[in-house]
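One chain, subunit A, appears in both complexes that follow, with subunit B as partner in the first and subunit C in the second.
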Partner chain A sequence: MSEGAFKKYGKRTLVYLFLILMSIISVFPLYWCFISSCNNTQQILGGRMVPSTHLIENLKNLFAQQDVLNAFKNSVINTVLVLVLSLAICSIAGYGFEIFHDKGKDAVMAVIMMSMMVPFVAILVPLFQMFTKMGFVNKYIGYILPSLSTPFLIMLFRNNARTFPKEVLEAARVDGLSEFGIFVRMFVPMMRPTFAAAATITFMNTWNAYLWPKVVLQTPDSITMPMLVANLLSGYVVDYGVVMAGVTICTLPTVIVFFILQKSFTEAVAGAVK
Partner chain B sequence: MTQTSGRRLTMHQKQNLWGWLFLIPATALIFWLSFYPMIRALMISFQGGRPTALTWSDPLTRNYQFLTKDKVFIQSLKNTFTYLIIQVPIMLVLAMIFATLLNDHLLKFKGIFRTCIFLPCATALVAYSLIFRTMFSYDGMVNAVLMKIGILDAPINWLNSPNTAKAVIIIALIWRWTGYNMIFYLSSMQSIDYSVYEAARIDGAGAATQLFKITIPLLKPIILVTAIMSTNGTLQLFDESVNLTKGGPANATITMSHYIYNTMFQKNPNFGYAAAMSFVILILVAILSAIQMKVGDKRE
Partner chain C sequence: MKKLISLLLAMLMVLSLGTVAFAEPGDQADGKLTIWCWDQTFNIAAMEKAKEMYQEEHPDVEIDVQEVLWEDVESRIIASNGDTSTLPDITLIQDNAFQKEVINYPEVFYDMTDTYDFTDFGEAKVAYSVVDGHNYGIPFDAGTVVAAWRTDYLEEAGYTVDDLTDIDMDRFLEIARDVKEKTGMPMLSGQAGAVDTVMILLQSCGGSLFNEDGTVNMKDNEKLKAVVDVYNTMVAEGLFIEVNSWDEYIGTLSNQSVVGTFTGCWILSTIMSLSDQAGLWAVTNMPAMSGVEDATNYSNNGGSSWAIINNKDIDLALDFMQMYRNVDFYDAILPTTSAIACYTPAKEGSNYTAPSDFFNGDAIFAKIVEFGALVPANNTGAYYYDARDALGTAITNVLNGGDIDSELATAEDTVNFTMGF
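Moving on to the complex of A and B:
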């Protein structure tokens, strides 16, 4: 019996050790990046694992080299615009597809789902041409337009609209609320968790986007944080303290959102395939 | 009676109209910015010349013919498939292992482990590319630590030899995406009644039997989804190739998307050729997804 117990406890211990090791590996690069923003190039390359005193110096150099405030402002504006508009457009569409569904709308939904399989890079050339012609290059609208309506968000809202009680719908209609009124006054407040989930994943995707912004934002004063950070490596001599400070500034907002809204994020990732 | 049914029909029609009104903005945007460009891309892929004055190629399939002779394109295709074949299976198996371990009701600190393993998802692709580039640079931290411990005698030039550079990209990708896939598996596992596992355990089924006989068959649809998503994502890799290795050394790590971008924005941009390459990706995504769905169905 003691042998069995040993076998059991030994196995347990191994599982814990494995999970602890994997957790360390998962967290380490970010930890190292954050502490490296307080170190100079020599310390970073030498593998120093604790913060030193160079944070202010790195930030000073970073702000002297790059217009960080402007890029941060662009990222915030782009992200807020996409958040508000895409949630509005996709939530009402998902609601419409589910609540008023019939053969015609189901067919349209199926076609929209197909667009999920279209790789973004496959439409990059014509999209850039169209946006050049319309004068959207280097503008907020050029950045946000392709992310305003995504099949993923429409699907997320449609799947969750299934849980919207029919009785509430009927009662609101009897009370004389318009269809739009029902959506705004009944559905939106009731679906707060879904909106939180959609907002979290949209925030992450928009803040972190790189390929499309790199194509459509070509002037230095229109760039976003990820683009600014990527530029830090282009000099002859790379100051890794500055790079890590930049990466930290770019990453902190998403990491903070991750910790506050982890539950919503988890729901969003898994929610669309329910 | 005719009157009542007539009125009902109008109300139904009214609602129907509202429904269309609700979904038209989203649908119009997708048709305008996704389907229409797709057709345009197909047309452009048969064209050549300066971006502002594209003309039909002669012969029409000229861009596609050139693909087969373009060494960089073939290299980018090979690289992308190397990442796909090595990284996706390792990542999905790891994600499944993590999810299985974390789905154990007796496990303590579950939340902490899950948060840690999921955390890399909060990092921008550009950000983690730069972190890994810094860690694996020739005079960088990884070499310094490995030499200090005594595993290495001399530093490895990770990012400047083809195989190690590919390996670093694959390691970085696994680091970034395993937790993401784990969340899919974990939340599907949580919808499986836990008593099924308890019953299996009483019947003497070990952990492996439970995994292969209960979990994986029940999770097949979600495994399929993650496989298709990962394939789709890997075929479009861009940020890592651009920022981690800059496609080098000598195009040994360049991805198809990276090459398409270069073709669009080099000194003599060639939109027609870029569109032809992007259409290859579209077709590859379609074929691979179809295969995966077929395979996924057969095991039923």
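Moving on to the complex of A and C:
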């Protein structure tokens, strides 16, 4: 092998080795989670890394201890509500801030951006007080309202709206399309990757939300999947096989959504527009 | 236009769905009780039994026992900011956090000093929920410390559990060194950075991280220095193995890599779940600190108490909570929950006096109730967990060669800073 070829293949081998290592580090927690859901507590604590035959038993115990179907249903309803409404609201807001921008709107956008600096925990108490007075505690609206409009999503749509071709906008206006029509018929189809990225982020954040739901959803009927998993860890004696079965069920939807939307997600994050 | 109308209709539909409510809990003086607690096999099961026994006499009373994690109970108390309308009638509170909650949200907790009889509960246990001389909590599960030892390993080194009963720390270290030499096994294990063992030893001699007036007591706390010194010695000599997590600590017991443990009696549920080790364990009291004033062989780690919430059906809640002064109730919950009573007369119950097959016929539960009555009280205050965290850092630094005096002084400064001094 020539020196050049050796350098080329040697470098490539190193790159692949690094990537393989990183992939293993990234995938290992998921692998361990799935494997552990097939093992019992003693096997998990003993560090067993291959599946055993306890999956059915763990699932049976999980469904006996917790109302998994109800929690899953609540998580799905909450997530779908937030997903649909926040994408609709934030995409229109981001589009509006960019296409119709002036000094006043830019100042409003700056204020919205600044609100990203305020951690949620700082507004938790006043928000809960307000919702109690409005009668929103233990209601879907109480859960979804604070998540509907997020500065991050507005910023994402606004930044991506910058790449929306002005020619298309002007041509649509000349053709007599209304401003809302331009948004629905031109902007939405062209910004599909941005919507996919926003959907992935919103899905993950909403599905995994814990702090606000545990405060505002107080009845056992309203429990969500992350709250259910946390309940499994509450005892003096923890059945780790059952916990891992719960974690697996809780994680699967996020994994599936991410795999479905990953191509568009990458494109949007890289700023590409078809 | 059709698409626009469809979109608006879809949004209207999801918005209307958004206003659908889950069932609201009863929150007035309406003959209903809502109760929050967090462990299905333990305190929830106990409360369900109390509910069943109470409803036999009071069939019209509606009692809803809800599973709410301790962390969630705390978050909801904080979020309520003193408004009790979203809180239940009764909630379980971790003992170490009880005083903090009452000090921060006094309007939430009902003062039951004159309306509930606290005689026959362990003094130290009651003290966890006393603030300024007022009682706010009804003791539930004991965190009484037990020392559980593997008799087969002790036997291999020429000892029995009697050799580890009513002993002081000097004798314990002597035995621990000998056992390690003969069997190669460390006596104890624990989570690195978690200060359970140090706090257990500190309370066993009546010591606290706070003075009675709430000021921090770490820098010149002779009892604390002695305890940290003992802990340092045990770790340095390999008599106490530090592990990285709670799961690993449990692993040392299940994998049979330590001789035993001393911690809250709730650990017995875990030990008794190791069916392959039945007959190999014995329970006794912990070693007392040597040369330290007020040292005893008894302490506490963990546990919880019931709080009654203000502006609720307090009369009904008080009547229902009389169940926690009922020997039959404690006797009924012991086999299914392993919840060991803090109510001393419970030790007369048939399940308490029954010999345990797992522990070679020893009536361990009656023994633990007796231990519980001998535990010295301590002060927790509003900054207990901050002080524990600071102590954890100090201990880690001492183990890495730091000076005890200066590390405890730094820890005290850290807690004072948190307290705003």
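Convention: the second predicted complex is superposed on the first by the 237 of 274 C-alpha atoms of A that agree within 3 Å, B and C clash if a C-alpha of one lies under 4 Å from a C-alpha of the other, contacts with A are read in each partner's own complex, and residues count from 1 in each chain.
Throughout what follows, a residue touches a chain if its C-beta (ideal position, glycine included) is under 8 Å from a C-beta of that chain, and two chains touch if they have at least 3 such contacts.
Since this is a predicted model, take the numbers as computed values, not measurements.
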Please tell me, clash or fit, for subunit B and subunit C sharing subunit A in the overlay. clash
With the two complexes superposed on chain A, say which partner A:25 touches: subunit B (first), subunit C (second), both, or neither. first
Please work out whether A:237 is in contact with subunit B alone, subunit C alone, both, or neither, and reply first, second, both or neither. second
Just to be sure I read the superposition right, which of the two partners does A:140 touch: subunit B = first, subunit C = second, or both, or neither? second
Going by the touch definition up top, name the partner, subunit B or subunit C, that contacts more of subunit A. B
After lining up the shared chain so the two structures overlap, which partner does A:198 touch, if you call subunit B first and subunit C second: first, second, both or neither? neither
A:214 contacts which: subunit B (first), subunit C (second), both, neither? both
Answer with first, second, both or neither: which of subunit B and subunit C does A:65 touch in the superposed model? second
Check the residue A:46 against both partner chains and state whether it touches subunit B (first), subunit C (second), both, or neither. both
Check whether A:81 is in contact with subunit B, with subunit C, with both or with neither, and answer first, second, both or neither. second
Please indicate which partner A:161 is in contact with in the superposed arrangement: first for subunit B, second for subunit C, both, or neither. neither
Superposing both complexes on chain A puts subunit C into subunit B at one of 42-50, 132-140 or 186-194, namely 186-194
Check subunit A for residues that touch subunit B in one structure and subunit C in the other, and list them. 45-46, 124-125, 128-129, 145, 180, 211, 214-215, 227, 230, 240
Across the complex, what residues on subunit C touch subunit A? 3-4, 7, 10-11, 14-15, 17-25, 38-42, 66-72, 75-76, 78-81, 83, 85-86, 247-248, 250-251, 254-255, 266-267, 269-270, 273
Counting only contacts in the complex, subunit B reaches subunit A at residues 15-16, 18-23, 25-27, 29-30, 33-38, 40-41, 44, 51, 98, 101-102, 104, 107, 112-113, 115-128, 130-135, 137, 139-142, 144-145, 148, 175, 179-180, 183-184, 186-188, 221-222, 225, 232, 235-236, 238-239, 242-243, 256-257, 260-261, 264-265, 271, 274-275, 278-279, 281-282, 285-286, 289
Within the complex, which stretch of subunit A touches subunit C? 42, 45-46, 65, 77, 80-81, 84-85, 88, 124-125, 128-129, 132, 137-141, 144-145, 180-181, 184, 211, 214-215, 217-222, 227, 230-231, 234-237, 240
Which bits of subunit A are touching subunit B when the two form their complex? 15, 18-20, 22-27, 29-30, 32-33, 36, 44-47, 89-90, 92-93, 95-97, 99-102, 105, 108, 112, 115, 117-130, 145-146, 148-149, 151, 154, 179-180, 183, 204, 207-208, 210-211, 214-215, 225-227, 229-230, 232-233, 240, 243-244, 247, 250-251, 254-255, 257-259, 262, 265-266, 269-270, 273
